[in-house]
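Labels A, B, C, D, E and F are assigned to the chains in the order they are written; within every chain, residues are numbered from 1.
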Amino acid sequence: MIELGKYAGPVLAAWGVSLALLAGMVVQTLLADARARRALEQVERNRG
Amino acid sequence: MTRLSVRDLAVARGGRRVAEGIGFDLDAGQALILRGPNGIGKTTLLRTVAGLQPPVQGTVTADPDAIAYAGHADGLKSALTVAENLAFWSQVFGGPGPGAALAALDLGRLSDRPAAMLSAGQKRRLGLARLLVTGRPVWVLDEPTVSLDTASVALFAAVIRAHLGGGGSALMATHIDLALPEARVLDLGPHRAGDGGPTGPGRTRAPAGFDEAFA
Amino acid sequence: MSIWEYANPVKFMRTSSAILPWVAAGAALCLGAGLVWGFLTPQDYKQGSTVKIMFLHVPAAMMAINIWVMMLAASLIWLIRRHHVSALAAKAAAPVGAVMTVIALLTGAIWGQPMWGTWWEWDPRLTAFLILFLFYLGYIALWSAVDNPDSAADLTGVLCLVGSVFAVLSRYAVNFWNQGLHQGASLSVKAGERVDPTYKYPLYLCMLGFFLLFVTLLLIRTRTEIRRRRTAALLAREVRG
Amino acid sequence: MIALLMRDLRLATRAGGGFGLGLAFFLIVCTLVPFGVGPEGGTLARIAPGILWVGALLACLLSLDRIFALDWEDGSLDLLATAPLPLEGAVLVKAAAHWITTGLPLVLAAPVFGVLLHLPAAAQPWLLVSLGVGTPALSMLGAFGAAITVGLRRGGLLMSLLVLPLYVPTLIFGAEAVRRGAAGADGATPLVFLSGITLAVLATMPFAAAAALRVNLR
Amino acid sequence: MIALLMRDLRLATRAGGGFGLGLAFFLIVCTLVPFGVGPEGGTLARIAPGILWVGALLACLLSLDRIFALDWEDGSLDLLATAPLPLEGAVLVKAAAHWITTGLPLVLAAPVFGVLLHLPAAAQPWLLVSLGVGTPALSMLGAFGAAITVGLRRGGLLMSLLVLPLYVPTLIFGAEAVRRGAAGADGATPLVFLSGITLAVLATMPFAAAAALRVNLR
Amino acid sequence: MTRLSVRDLAVARGGRRVAEGIGFDLDAGQALILRGPNGIGKTTLLRTVAGLQPPVQGTVTADPDAIAYAGHADGLKSALTVAENLAFWSQVFGGPGPGAALAALDLGRLSDRPAAMLSAGQKRRLGLARLLVTGRPVWVLDEPTVSLDTASVALFAAVIRAHLGGGGSALMATHIDLALPEARVLDLGPHRAGDGGPTGPGRTRAPAGFDEAFA
């Protein structure tokens, strides 16, 4: 494991929070996109 | 002389075109009544003619300073009296004073009462009196007789007739009979917007907005 | 072919779906490599391991500002040329920018604790950043509050324009305010010039990664917005029969 | 234009028009803060310039939704938009009416509240002048926010969110002038900046606000 | 009752419902105060408990007019009054919905703003608990004020005037608890008073508010 | 069986009595239409009957849990869809679900649209549909047909007729003809309140409030 010294707490917290936010944003984007795609397909199918 | 001329007009509400292929002319001394089922787009058309929203397609030719619009709401300040309300609009439009308008709509007795203390029909009469103080020739009215009793409807018809007689014009949307036999009637029913529907083929359609560009 | 052609939704959907995989792959590559490299850098003699926070903090702060600039450009294009994709792109970018702002604020706060002994200081730079965050919030809230999509685009466009002017104005006002009383805290650490090459290259890679990530998200989110608009349009048409 | 100004002033002073309520709100903020912060004069004197400015700003903010929302609801705004009066002019007039009924009373009453909060006497003239110069900008920026949110039902809080960031420069320079005055220094520099902001806002914002109104009327 | 609660929550979270705007306002107050007061951490830490409570209180206050005014304007209130639901129950439910959408988020977010204003860490739990105990009283008192002013057009500022004096005891005990916490002392006594106030308010105010509503519907 | 019984009623608005000496009975299966010029006090009377304001004099005998009131405003939430609006009121009143009401007022196609996106007439139809989901027998309606087109008025008449047929009753104020020949009509014209005026002498008058006691 890489040495973080006495500042391990802040560093890990900062990285944890940031990566979580980035990942959350990516996941939200993908989910919303999938939902929008499904809704559109459904409507188009209904329209025939 | 043509006061208001509408050609091949299409109007949209909420990014969706609701009525299309509308055309008519209105000359001095003429009145035109719009009819059609709920939701066909009468309100939308009147707002477009009054210049409050842009047309999707087609043209509205009119001097914007000739049009007085009266919509569903009357634009009354409930804290001001009847006379003060009229005086304000007369100053803004630079039209005649409120005296004649009060008399024409039988509001003389109420002139010192705050607008908050009027009944639904009295408010409506005051809203119509406002048209007289604008001094403008083309009236664009959305369901002007809502809440009016029979006597007031007759009063209103007389006001319209006097306005037409004085060289004015009027464009109105209404569901009830106005006892104005001289007015032409335009039924919007056949103008409902559809996918190249009843307006006939070959018409080029500008999209009402992004939604239509896509749909 | 003019650049404005891309504002055509159909064309946009086609083009974006073609380039999306490449951009996404690039983003994953740069970001992954940059972050790992950054995490493995040695400790700084003065800041210790906290220097590793820089690889997230600085790119996020830069992107937060750049995304606002991009939204301003997109809003102008919408207001002047009325290209719908442009307005939707501004709408799609705002949440990403807000998240970037939050990351910069949070990492900065966590960094500040060991460096300055306080989570938050009303330093001009930090303060201006907080104001930027408020602008993001207002912009997003306005988009979601207006029903008619075209009106929403117009109103948010005007807001973005006015907001940009005031964001810059606030930046200078804040500078003035904090110098007025006492010397602006011990912020000399922020001299970007003296970043050691050991940190410089991974930092550049992270910046590139953040940028590509933003482009990827922007493309996906714009596509989402376009699909939503199309769905709404079709539904409305169906209801009318 | 005169007719519009007179009407707005008359409406504000009629029953239910809200004249004086901004002032009362200002009073309440200045009263609540000692409750919250504790009564020691030293602390209060130190924070007085800031609290006075923040209080004035919030009082201004809370009466903003009156600028256009009432006219929107009863249809007057439709009618004003079709009247022979440029919408930019109407916006300016309405912002002026708002200032006369809200900003001006605040300016005149501020010294009294300054005493309540132990503001040093040396700072009193600075308070008066900085509020006098700054509040017109608050009214005009508020009119812009009100124009953007006019179509939304109860857009009041959203408007606060949009408007407050715009108030930051005005607040900073205004409070700074008073603070310098309280410290016995010269507050002229921030005052100059403040006037610059006010003039620029008055010159440009009516156009932005009128554009937003037109969109909302559509 | 459940139907009413669910509807109010749904309306609040729908577009334009204003969910989260109270929070944004709170954030804004906490940002503006340093602009006015100056950036030194020491001063800020001293006034932080008071400012946080005053800010939460104002944020609560500004969203009050949503409680009844919207239902009044569109006629729902007439219909609710004739529904088979005691008006007291409706008032309580609507106050609860207001608290869930405004008070609760404020409570949860307060520690973050505490950090912004340099609130000592020791005071953070006191802030959380005192806001958690006090904000329900703010919502219920606010519902009473909203009920009194519901018939008035844009009664927002008048309502502030009526409600703020009612808020004073809550504010004093709430801020005092946090201040004692910040000083490392024990804030339990003011907290007990605070809970007492909240319970009494929740038990009695629905009746007063329902009575006021009935008068206004007349 | 008498559902609603009004005796010697006087009603006041803004501290001034507007109509007096009103009396009628309404049984199951009956409808009564109030007529009268603008400002005579129809809205005031209906609000009194619905229990929203106290009478100045006289009595209204009715089970308050039997009355469903529909005023000038429809009580719609513009952020909720048509179906959600109805579902809410059906839950509050514990009445039947929205399905039948949507069908009866031809709102089926609009059921998923937010109420903000309806035209004036469509909103009104939704407001009337609410009456059906209350499941209450006595309907008190203030100008129910405002903004409705002819087809919708016929729809409304059919709904009323079905309601009466099912043992319900209806009290309505309106200015236009409803095509409900079976309904009785009460003209409020002669009941205008005056100082001992047309209601006849010898009647003891309780003052409508402080103002009248003084005037």
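Note that a residue touches a chain if its C-beta (ideal position, glycine included) is under 8 Å from a C-beta of that chain, and two chains touch if they have at least 3 such contacts.
In this text the structure is predicted, and so the values were computed from the model without any measurement.
Path length between chain A and chain C in the chain contact graph, taken as the least number of steps between touching chains: 1. The pair with more inter-chain C-beta contacts, choosing from C-E and C-D, is C-D. At the interface between chain D and chain E, two copies of one sequence, more than half of the residue numbers in use appear on both sides, so the contact is built from largely the same positions.
Chain E and chain F, compared by their mean Cα positions, are separated by 37 Å.
Distance between chain A and chain B, defined via averaged C-alpha coordinates, is recorded as 52 Å.
Separation between the centroids of chain D and chain E, computed from CA atoms only, is 24 Å. The mean-CA centres of chain A and chain E are about 34 angstrom from one another, to the nearest whole unit. With touch defined as above, chain A holds no residue shared between interfaces to two or more other chains.
Shown for chain D are the residues that touch two or more other chains, namely 16, 152-153, 155, 158, 161, 164-165, 168, 172, 179, 218. Residue positions of chain C touching 2 or more other chains: 131, 134, 137-138, 141, 145, 147-148, 177, 230, 234-235. Within the complex formed with chain E, the residues of chain D that make contact are 16, 18, 21-22, 24-25, 28-29, 32-33, 35-38, 43, 46-47, 49-54, 57-58, 62-63, 65-66, 69-70, 152-158, 160-161, 164-165, 167-168, 171-172, 175, 179. Considering their complex, residues 13-14, 36-41, 43, 72, 117-122, 124-125, 143, 146-152, 175-176 of chain F touch chain B.
Residue ranges of chain C in contact with chain B, taken from their complex: 9-10, 84, 147-150, 226, 229-230, 232-234, 236-237, 240.
Of all residues in chain B, only 14-16, 193-195, 209-215 touch chain C in the complex they form.
On the side of chain A, the complex with chain C involves touching residues 2-8, 10-11, 13-15, 17-18, 21-22, 24-26, 29-30, 32-33, 36-37, 39-40, 43-44, 46-47.
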